[in-house]
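Here you go, one structure.
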């Protein structure tokens, strides 16, 4: 296991210098879940069928967060992303929304933090919009699914 | 279970009108975890003992996120918070950092989203600073611990 | 007609000092229109019936803009607004969306710029989401409808 | 008329993937108007001759808005623009300022939203700075003038 | 000399909890200087007499920075300021612009950082607008002039 | 001495058009100082040895400011920087921290404003974190050290 790349020789936080890295097409996929009462999910879904707006709002928040990642995470580089997509799935148990975010960029460094941040803010937005009816939601299992370049 | 307060009569997203609510001292506490390889945690902690900067950076990111919550979560109100505190604990298993955030405000609405957002961005910042040495971290069990007013 | 309040004695831009003004409940309503091909409006509305997302996205952009007005308009004060509501109407001609924004605050100064900015960004967002199918839209007749305090 | 490019197969808002588009020099020009009492325009212009600061402030607000467009309009890409220019003209009727914005970028997508947003925020800033003396201004006829690439 | 209030018991950065402090009318004044070639100052001033725009732009940047201080300085509280004024003076030597910023707020904590940040960003903006003609400018002697409450 | 590049033919502020400039690797170095009581510096350094967090916080603020320069300085271009490094030195007199910032970018224009802004915000953050124990600090001698391209 190598040393932490964001910590300099004196142990202080530092930004990684990406000057020498090639511009490549880079894609990252992240996934997380928000758990809630079954009744809460049913309410979201019935609204979704009619108007879809809890998830529509969450999707917008996730995309905005992906574009804004470098302002939120101190050592991240500002990356003008080409694409951010947020998808929602509903596992059979009926108490979970699975959130998958895919981010693409042509840049000198990858976008896993953008994908993780997008999924996370989408989850927080679902939480915000449902918190009046469900006090026991949790956001969980947020992790990187894949990271590729070409 | 009542209706979703952020959805208006036509099912579209809306901001809750807090005009009629009293200004009160409000506090919210949220907690989440980031899981990692034991070796990753050992690296963070040995740096922490020497210089503490992974966690110092995460703490700053969390506090900045708490102040910035209304820009990140569409239906949140802008709240000039009085305090945000981020604490890290290290459960015995040796593969987890537990992150607790406490946010206080004198306002017409509460700060649970600020507390959740602070813990979440602190976790994402730890992820960012360690991702070069650990590709399998996850952020999990993020939930509200308490919400009080007086 | 009195002098321009944002221009100081030397003709330079200045922020108005609101220190001596009372905190009051203040409301402002603004309205504007976006004009488009009838076919474009039909497409938005058919989507709106199904999922409502052009207007849902525009509504979110408008609310976020209301919260963010002081960053956009140099001499505006930062105001933690209590409420922002965006409503869409469809005049009979079938080529126009009318956008009405209502903003409320308890503060020492009013929120007409927040209301105007919210309606404006909602209109720009509709424009953005439809520009691939309609190159001839226009945003027009944006004005203040009312401004009250109590 | 083709389908709305910002709406995905399920009718939800989405960001357009520009990964496959070439980087090109792209320019967009937008124009809008703000209408006011003749006396208001006379006040602005007499200040403009002396110090020019209503229009100077509006110009800065427009340029800042062009750089900030992706934070304001949810499905816009972050574009590091090469240039933004704001020009004011005064049609003969004496009750209107015509605002023309020109934005340039080397990027994979165009800048019409940046140009429209710049003209719009310049108009809102003029409104803000004159609203104490004129309660009946309106912002109108905002549209794209041209969009080119090379 | 007491302990650093922004450092907690373990030496980590923390935000000061202002919950217990009274809302008061607070004012802070800061001052700094930018030094340049006499010819540069002459150019600014001749433009200032005609159009005043180097200083007009700097003034706007300073005011925007005062409103935005909590996003720039990690442990600062978000404060909705009542007023920010930036004044320029030209000491007799002819190679210096003295920048004085005054910030007012009704809040639980003071605005010295807002005043210092405003003066600083005004100076940086002057630097930016003149750097093509003068490579040897410096920003200097930035300090707090006064801090009062009532 | 040539004319001010940010002022257009009518004396109004303008953004420089960088469309015709080549993308090059550009580096800028800036340096500034913060002066304080010797006892203040001793407190920072004893904390720095133990936990380093005044300087760690200042470093993060400086890096975030470098990424955010175009939002702070009106005529600056948005530049996705490759690297920002902040270094602290302690001249022998014992009452000064010297702050050196280095910023790199592959872009059509240079990053001296990013380097100056980074050093400046790092200094302001040190000021903020020490102001409870030292009312007489000053920020001084901020200037460009070098600017290169290749």
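The first chain written gets the first letter, and so on, giving A, B, C, D, E and F; residue counts start at 1 in each chain.
Keep in mind that, in the parts below, a residue touches a chain if its C-beta (ideal position, glycine included) is under 8 Å from a C-beta of that chain, and two chains touch if they have at least 3 such contacts.
As the structure is a computational prediction, the values presented were derived from the model and not from experiment.
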Average the CA atoms of each chain to get its centre, and name the chain whose centre is farthest from that of subunit A. E
Taking the mean of the C-alpha atoms as each chain's centre, how many Å separate subunit A from subunit F? 31
Intercentroid distance (Cα basis), subunit C paired with subunit A, Å: 29
Can you list the residues of subunit C that touch 2 or more other chains? 11-13, 51-53, 56-57, 60, 64, 68, 74-75, 80
If each protein chain is taken as a node and each touching pair as an edge, is the resulting graph a line, ring, star, complete or other? other
Which chains touch which? A-B, A-C, A-D, A-F, B-C, B-E, B-F, C-D, C-E, D-E, D-F, E-F
Under the touch definition given earlier, write down the residues of subunit A that touch subunit F in their complex. 11-19, 70-71, 74-75, 77-80, 107-108
Seen from subunit B, its contact residues with subunit A in the complex are 1-7, 10-13, 32, 37, 39-40, 43-44, 47, 50-51, 53-54, 56-57, 60-61, 64-65, 68, 72-76, 112-113, 116-117, 120-121, 124-125, 127-144
State the interface residues of subunit A toward subunit C in the complex, per the touch definition above. 51-53, 56-57, 60
Can you name the residues of subunit E that touch subunit C in the complex? 25, 52, 55-56, 59-60, 63-64, 67-68, 80-85, 104, 106
